[in-house]
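Quick one: this structure, given as structure tokens, is what I'll be asking you about.
Order of writing sets the labels: A, B, C and D. Residues in every chain begin at 1.
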């Protein structure tokens, strides 16, 4: 027996990656907000696990006295009680990050904190600009210097420059939005205001909450639940909200598009967002249940058991079961202790990696015809392996159903996708994919179902159809400032 | 708004604690075993999260050249690739620990490594002795010195002393077993042998596996699956197995009790063990499904939905659903990033702590009569809160079912139980408990069902009945050497 | 006995603090330079112990591929072999920092790395600008954003803005020098050039070295010795040197002042610089020997022994001994293990702190008349204590001589000085100071001797005389951007 | 230019290594002693830098409630204020360790804390037993188990076993001393007593101090000065002192040898001990001054300057200067930031390593005939390099004088010496050594001078003469338990 393992950092490489989670709060009663931001980020941890940060300010102190802490790692790795104690202030922003544009270094962690003509700004941003390289170049030609490789710095510059000639920071944000193109949900903390903005297409979510006398902005409503805040409403696509003790929430909707032209990222519903979140009035959980029901309607199959690939396939599996009447069950046990620094078995047997993370409950599947539901197939390596695990555990048949359409095109709006030729659906028919993963049958959710799934709201299907709501950048935007 | 949080270490205080997981391997082909132990411990992480360790030895090297590393924390925190590389050897033992006897310090981490008359021993032990204090005192009166406060050191001394007058280390283990009383699953690594032993009552599990030309001993079969080994058989209660290249597995059953007199810990099935593990031939998952079915038979109620309290209540909920025909669903979202070092909200609102860890899916429960199943109720604080969360989410009725009998008495065999007066079932009727937690109805699993649940095998019910298979110690054994 | 200690971070509060050390290298043969920078910074560690950093670039790679690492702490704490290996590049800059302007946070660590119109710049800077606040405000009014609170970012902006309209980066540096006022020794790494510049007054040192086919810029010549490079020459006050493989060293002296108008910081010779360094042709060691000789000539006293307060008083003590003929000796033993994180005895007996760091050799001083030489007295607390220690050890007389004039005025050029009213010489005559510290006699170096000490070169005496070579800023420049 | 450095841990390989420093305190007034031990260990850091530890006990608490903390590294790396706060107790022992016997692992760190028949003991030990292997084997044959590879565990066992049949712990120590042979200075903390013992030969130092109502035991008097305690007396070779509030200091001298038969380690005076320490009434500083004077008398040479190799050669250089009238000077600058984790230049040019640590003051030596004094030459590599550095700096002649005789034989009493064939004096005449190191002349201290140096007291010269006071062990004692 030779040693079958290598020691690498473990990476969940079979899933799409989200870019970021943002959180902001302004306590009109002057209470410290850092620990609330901590819990808020904690609820948004699934949106980004590479780095995180908190910046707070005291609105009653001198202008610009921002305190911040950022670091690589999870929220509970980066922050200690002592650090939170030190972050005194009644207004603040927080950020969890997974890097799509801008490399994974501490310099690129957010929130961005900067001094400009009107004091100090804190900036947290979720999304990707498609015209960042052009904007950078323009700025550099007028003397700008850049210390990070993230789009947020480009946004910050535009706000700073517009601020010189405008009456307020929210107006500067509005003017900046005339120039920046792409996906962004943005929270800006100025010395006396908390501002939220969402790009006109509404790619990424952003919502407003309230607790006692404090207003909150957050990527997802689950963060409101976690801190005990009530949901007020979503920030609309294209809307800018300005939160002050004097006027509460003010709204600027001059950038909003006509209803239906929005391009909400459908993967927020399918996979990224937490199931207990609502985005633009639609329950993420319910949309997943629906996707399972549609699969049962559109791609029925006789079977004894419906199971989800944990965790993200479970809701769709439940939907499939409810619609089809085939019993729902649990087929897998997931090892909850697999962390980011897990030492990985050797490449040669990638299978082992799956077995370390996931094991099958033989009793549950032995002798049965199993329908297995996952939210997506990216490279296909995991699906292949899981199908085999089910067969080894005695499943008589394995039918795979996927609660999204086949994934074919790159995303420029904040989702990290492997190169096209690494996608299993690239240049393959469904039947060919079925053969690769070794299932008895395979079906994907139909693209037409996506709109139904989220109540008919405008959404982006570019990754399935190649039909981009904004023209993709002419140069590859990822990493372009790092050469 | 005043700050609602304090910064403490988070602790899952509503669950019983298991003591330890043990793992041993001997590769007859001479391959290095450290990384295999690493993955094995990883699969046993749920049995102990306070400290862990690995000790290996080269059977072809000079006697006694044991290399070991131990530390406080999870397996993937304590070990790095470099450390694993340094642990060269073809025989080894590993341990994950949660402290019941012996305080939580690095000194008390296992495996214990020691030099004695015949070379070097490695020792990993799961369980609690009831006569450890007496044995310690006896040993001290003959000149022994103790450097830890764990029972394992007492066992080690007995093996070392018996070894002087016996022909083999397994015989020394056998003689030591005449003196030590209580619960133990033990793995001993001597320079050329791997030995496993289980106390006559079989309180804690221990099984044998095989991969290629290597034999494995492990607390649970899930560890065998994880490393790709096949299950050979369980070590029987009272059995000593000796593994050598010369003779394979040799067995000594002189300590075994007559069938039926064993006292397997029923909580291994109910909560401790991983669902994909089999103990003494019985599937843990299946026994949980069964417990749910029994609840449906013994304590039926009309409802629209059956949900489990994650993770441990899910299997019993599925069983209840299968038996009753009431649809199974998911009501909770658990934050998977709550780690051991999570900063905890203030005591004053312990509720927030639950909300940070757990959120309700309103869509799933709104307007419904819900049956909620958990594996046990210890203090009752969490149950109370979860019932309230369900109601706030719109549940019309909440019926709680518990897949174990009411917990009333302390355990001396390796389970950490709060003081009697902290147990919710202490001095309360079921109806009184129902009122405390605020459910519409409440029912526990009947004690008689426990035997049925595990195929009629001998088991311990002392924590429910006070009927102890071995007389409890006259002095409190926990922490007694630390005063 | 009550506990006499508190646990604080230890700080050498009796000494003036230097701001920074800078180091740059360009290897025309294309070899990696990171480890050479590491050793160079190591030799400049005494100039700054709060943070340090290295940035390198590959001149043959794409423009702007700078790799950098910065951190809080000493060079050997911040860098690991793995980090150095990762810093591939043949041109680079390094920095050790003690904060005078800009608070002590990781964000403020240098070198500054930034993208601008012509690619990527690395910037390392020693000194303090007197007009930084004005320049910042000006920049902000034209849309600049600042992400640090260090002067270097102001310099970087000016270079970046000038670069748009100039033919070369060195010309941009030259134009920037028309605007920035104060003390600076600057190293700039552009994609294909290494540039060094020194302010017209030459407050801080900067020298050029060569090893094989690599050119080096460094704050002190001791860094050249450490890496085995030979000394080429000093960068002159006001000079800009541009180092390229094509043209070697090019010089721009357009900012130089007439000889004698320079304002070299005299404390570089007295205390800051390492004794094995030469600055502008003068040996630091020799200047200290000279200061001791002058003290012996100007302030003689009969005694049996001359001792230095370690380490910085030793050279002057040797000079005093050589001139006076009174034997030189060692009176103190210093504990070499006092690090930055030493836990400090309680305030109530600050004396103990001195005793932990310093002990007296009773045999050496018992029964003797001792002349004790230190380089400066700032607050006087340490001198007071050391005089007492000598008396307790049996010294019959203690005569203190100080190798610099009394310190009376703040410095705006890169030295961190306590508030005026904390200076012992503030509002006290020499006789009064003598009484405070309890010496039998006390004498300072005469201000006129300072020029003699360094061969008659132009130097700054502002901290003794209040005669500032550049008008001090109207607002306090320290920390002004942090409010 | 290729990269000239490798990245290894730096090690001061040219010096002999001391084994340990010990410290104990008993505060009769009941004050906490942990922070005092911390400062004491801090003053003894030079005796051991690999690991350290503190164990304390509350004499008014229940018997055996010892709290301890140990770790790898320096005192200020291992202890934090929080850790010290947690170590509550009025009696305690501390230890700094450099490993000679027993490998360098955390398990081997001291003090040893153990439970035995009479409660809990803390044990700190400096020295090496010559019969440890035999004693271990004997103990194992009667059932002992060993968890470390340090001699101290052997001593602990003997004390524990003797204690069963004796009236007091000090009597048990006395009986144990009948069995253990070799070098040891020992501090034992029992629940109500602090005991110090020194082997009959007095190889290693141990002294008694007093502060307020607390008694202290320490390896060196400098630790007493550091904590503000007064020196009471030395523990005599062979003496056992027992410290209790009831009787103060009690003494047992039954193991003492006749005056003159002691074998104090002469290297304690030459190099190990701090110069401000007195051992058995003799000032270490004064003995070094004397050694320099003897060198000037016995091996005079015409020269312009006497310099010491820092730090340990300085006192002897001063002595040489005083005796000869040749001026004393400083020739070297040492980089005080070289820590244990310094990244080392490549083997190929070990010279660079010296230059990083040490630089020459050219001004001081240029054109001069220099006498350079070091305390010893072990391998000779550093001497060779330093002589060359002096010549490169312009020294006309370099005469080396060594303040100890040539080092030729291994030490079994607590000093770590390289293998014989690595010693430069092995199989070489003085003239041959001179040629290797390239000096113009070379002389060592004469062996006869050693006695004179320390006032005629009994001392060990085995490393120079091979004349061992106790027969060396028949098997190599170093590392023998680790195979």
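Simple rule for what comes next: contacts are C-beta pairs under 8 Å (C-beta built on N, C-alpha and C of every residue); 3 or more make two chains touch, one makes a residue touch a chain.
Protein identities per chain, from UniProt: A, B, C, D = Amidophosphoribosyltransferase.
Since we're looking at a predicted model, the values are computed, not measured.
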Contact-graph distance - origin subunit B, target subunit C: 2
Remotest chain, subunit C as reference, centres from CA atoms: B
Between subunit A and subunit C, centroid-to-centroid distance (C-alpha), Å: 48
Intercentroid distance (Cα basis), subunit B paired with subunit A, Å: 36
Touching two or more other chains - residues of subunit B: none
Listing of all chain pairs that touch each other, if any do: A-B, A-C, B-D, C-D
Of all residues in subunit D, those that touch subunit B in their complex: 62, 64-65, 106, 112-117, 121, 136, 140-147, 149, 153, 156-157, 160-161, 164, 481-483
Subunit D - residues contacting subunit C, complex: 1-5, 7-8, 27, 29, 31-32, 35-36, 38-39, 42-43, 45-46, 74-77, 79-81, 84-85, 211-214, 222, 225-226, 228, 274-276, 283, 285-286, 289, 311, 314-315, 318, 322, 327-330, 333, 335-339, 341-343, 345, 352, 355-356, 359-364
